[in-house]
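Below are two complexes that have chain A in common, paired first with chain B and then with chain C.
So, the complex of A and B:
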């Protein structure tokens, strides 16, 4: 129970002030499109030069936790995911905001984040040695099958049509091949110098989600100058509590999926939210409500992406291997103070390590309190007139894309993809499967190549990819996932009448 | 109003013109940028931030240096930008990684070579080492080579990618020991390559000395040899490859330092070349670097020029063999 012993250190005046600063700052940074958790933590590292190791880590830990949750704010209100982890939150969250339930969506999202986050940190506290072995279990062949599992999610993510979902997923997979390839260094589809580094996920994310929004707002503004203003329904916090805890299935699926996926090095939180969303949709008795402003969608996605925070630090703290880009930045923050993470970290520097973990636990709670406090205020964003909103979102989109790599090329990529997405949306394609393709492409490809290189040097391709319990487990889940999608599609087709189809077509044009 | 602005603009041009005319006497008169071609938090970025933190001191440049990350494609994106778009006015510096950028320029497809940059000073040298999992049967490089001789192409070992120090070390080992090995480049860099070793996905790996030192301290790996001319202070007990009978020099050592684009005024280069090494020697910098487990190796501009030329030659020969 060492973590309780060091809990007091979190509440010394300086430490607590830093924790507050990290949490509030993290929420603001997280809510800014383009500032991913990795960026936010990297920006804060120079400030920790002047602090004690313990204080520096409290700041970084709090910022990491709350940027992940802060990303939900722009995802819900503006339909711009703050980071890849928040993509799934846009699907139902933004629809809720459009229905005037912005305040409710934000409250639910922060509560779910806190539940997932606390569970994740508790896993980190109690099960670290066990989990460390699990984190090492995933080799190239397993990561390849995991990426394929992600690909099977693509088809069902888009509620309108499996074929269109798969098509936009394929576009995403193709976009992922642009640039120098990860392993061999070959150049692919580089027609312009902006593309030589490949398509970075963050600018792509901003472009694909924000630009169609901006164009739609502008066109609406022209049609009728007194553009309709969404009323924001007030939503008591108590009701949000009841809402979250009455939807235990979504909450537990989100938390479990987030914890497991967060643990796997190299996959991280980028897909935790999407996989959790998809799973809870498949298991839900009200799966038809998903995508139309169902709180369960928000709960699953947000509990998953915060649950991943704690486990994602397991490989770093025990094996000294950063499992995610953010963990790599945190490693830099530890090293600068001469602290080498490893199995004896908790023995050599208990006051630093445990206080860091405790501050993440307290940080989750503070984040939730602040989040609930600002939810009502933030939801008023929906009342801003379209023309003004479009300008603000556009400015944020340009700023966010530029800041990732200080590159104008990323802004061009963002604008081009955004414009293309606007037209694709007119034909019923959606952005989420496309981004998922973009994220999964490199994971699947790099692991397949690595796996086949190892396989060719040792046992051969077949045995390498098709033996072992973990490989077969993943293959089985892939098969079940595809089978379920096909079955759902067939069942739905049977019940879709001509009127439904016509109505769907009309709603798109 | 317009006239006033035009007048001000003219005055400003005249002033800056004057500053350039009298031989950059006031250089630097505003903060400088240091471009790092890897992401924030990586080893190069982390070290660049430490070694530049005293730039603002009066006895150093007197102006702070800000870090600008331009990551992508193993550093190619940043160095392409630095060679073609960065202004050669002395206010944009860049961090170099040897042998990475030289190997990439020999491989082709990039817009830079050693001709595109002017070195200022070197701050660090991180040699490559050969690691195996703690429970591995290999106790020395001789065991590794014996296994590779029995199983040609069957000894799998990881590294951070192609055309980086680890890959160069792998090629040198193949050549020196006369065996065929299976080098598995990892897409997640040195950390990913180390994970593959610890998890037992590969039989061994080439990795950075600083990271391998930490992993050995943590009890996860055993270091069998150093790809350098001399033993390292962090690992006095680990023999070099030469000591173990393999003729391998320091071509794979990852040198990190500061450079400017070619075409930067000579006076600016001289000024930086005189000041920057003293900046690296600052006690605060040294203690931070040591705490982070990052080996320092300070070299002046002349020494770096020599090292670049030598590296160019070795790598051309080594990589020419690869194409055949």
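So, the complex of A and C:
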């Protein structure tokens, strides 16, 4: 029950103020169309440099939680999902708003988000120590396979094409090798002086997530979004409470689906929302009302996309394998403070780990309270023109990248990677596996070299990396994830893919 | 799956294949070999997958990726030019704050749907730029103490 012991740390004046700031800021950022949670967290990282590690993580964690929930505001009032995770919310939420139930839809969405989110964080609290204990037995070969597993699972499950997903992962792994080799000190792939120190993760993350969105906003030209914000009428909060808790089936389905999907690396919130919506519709006694402004649609979608937040951090905190792009960004936030997550995290930095997790739990409650009261304000922010948003994000990306090491080289790397990623995305490549490759590349290489040395002195390379139950299990998961994705692709992916989600988002916006 | 012209996919995957093959070539020819052990593994897979993708594009069997429409390219071009000039030249040559002020103002003016003829529009654009830059200066120069290149004005 360590999490109770460290709960008090969340309420120190600075920590609580940061939690409030992250929550309110996240709600506003989330409500802004075009600002994804991953991008919001990536842009916030430079602001955490001067903070203590746990303070920085509290800010980033609160922003992550609230941006996912805040995305419901623009989904409901503008029919533009604030984040891909809110696509399913649009289906019934916006219709409710059109029917004069905008306030009710918002309240129901924040309450369902809080319930799902709290359940997800509780899963994080109880699963993490168990998995961390188990992970202590991992040696270099297991950590090598885990890193490869992280890249391949996200590469195959998060992408519309298995080959392109794996190729993105390879590009990320290659980018991670740029710079000086740790063992021999040799220069590798240094084509420009900006690359002499290797590719710094934070500018790369900012570039890969922010710049493609800036360019996407620019491609819309001078067109007005045409979206009209629906005015919100007053609605008693008590009635919204009764509404949410009287629809326990949708709430349970959303929470369960979100939690399970959150645990699977690479399957994002947009999938969680859509699958929960679909399942909730199937099991509902009022399935014919779905799509016509049914609160159950909002409850299922919102509880699911917030329930996945906590579990998506389990692989990160226990195995140092980020389960989602946002978790990868959070890993970057940890690394800049010299903290390396993994099985040792809870022994070496218990205060940092538990305060961060506890803050996410409290953050869910704050998110719900603030969400219920500032939804109207957030809706105004949702109307910020894309021209202004593109200019602001671009400037923040430049300043944020520069401030990492006070280096123009980082700015060049950020812009180059971002520009390349935009074009890669247009041709079916995905940023998530590339980022995972970039982050997990050094882990994979270090453990491969270390494992090779042990292997050469003992049983030999083959037996060391390819025998043992754990090695076999990890290799099997790599093979199964690739095989499953290939099989699904051959069957023309008759299930909800990221492509479906993106297509749905594009059609909505 | 997509009606995207095949040439776009061929060019994109061809470039990636060229990068993949170059990386593999460098990995297998550079010394010391021990330093390139891991890159050799990665680049082998990279090159094979990149050539596979290129082959599929050549055969017109690419199934994912919407490519770029002419309208999207036309819309993004002015903003992209501003972005490239800002990042790769102006930020260092003019100083971060001066360059950012100019870049933000140009991007907002280029992409704001409000009519260019109205004086109110320009006042709004100037106010947004000034307000945002004041926040940026407060955050980065005063709060975070980031010393950015300052060549012109501030």
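Observations on the model:
Operating definition for what follows: the second predicted complex is superposed on the first by the 269 of 509 C-alpha atoms of A that agree within 3 Å, B and C clash if a C-alpha of one lies under 4 Å from a C-alpha of the other, contacts with A are read in each partner's own complex, and residues count from 1 in each chain.
The definition used in the following text is that a residue touches a chain if its C-beta (ideal position, glycine included) is under 8 Å from a C-beta of that chain, and two chains touch if they have at least 3 such contacts.
Keep in mind the model is a prediction, meaning the values are calculated, not measured.
In the superposed pair of complexes, A:342 makes contact with chain B only, with no contact to chain C. Once the two complexes are overlaid on the shared chain, A:161 sits against chain C while remaining clear of chain B. Residue contacts after overlaying the shared chain place A:140 against chain B, while chain C stays out of touching range. By the touch criterion defined above, A:170 reaches chain C but does not reach chain B.
Residue contacts after overlaying the shared chain place A:406 against chain B and chain C alike. Once chain A of one complex is fitted onto chain A of the other, the partner contacts of A:184 extend to both chain B and chain C. In the superposed model, A:328 lies in contact with chain B only, and not with chain C. Shared-chain residue A:197: touches chain B; no touch with chain C. In the superposed model, A:49 makes contact with both chain B and chain C.
Chain A residues 46, 49, 183-184, 406 lie at the interface with chain B in one structure and with chain C in the other. Those residues of chain C that touch chain A in the complex are listed here as 8-9, 12-13, 16, 20, 23, 26, 30-32, 34-39, 41-43, 45-46, 49-50, 52-53, 56, 62-68, 71-76, 79-80, 83-84, 86-88, 91-92, 96, 100, 103-104, 107-108, 110-113, 128, 132, 136, 139-140, 144-149.
By the touch criterion given at the top, residues 39-42, 45-46, 49-50, 53, 68-74, 76-77, 80-81, 104, 107, 109, 153-156, 161-163, 182, 184-188, 191-192, 194-196, 198-199, 201-202, 214-215, 217-220, 288, 290-293 of chain B touch chain A in their complex. Note for the complex: chain A touches chain C at residues 46-47, 49-50, 160-161, 163-164, 166-167, 170-171, 173-174, 177, 181, 183-184, 186, 188-189, 214-215, 217-224, 385-388, 390-392, 394-396, 398-399, 402-403, 406, 408, 411-412, 415, 423-424, 426-429, 441, 444-445, 448-449, 452, 499. Chain contact summary for the complex, chain A toward chain B: residues 38-39, 41-43, 45-46, 49, 136-137, 139-140, 179-180, 182-185, 187, 193, 196-198, 200, 265-266, 315, 319-322, 325, 328-332, 335-338, 340-344, 405-407, 442, 446-447, 450, 453-454, 456-458.
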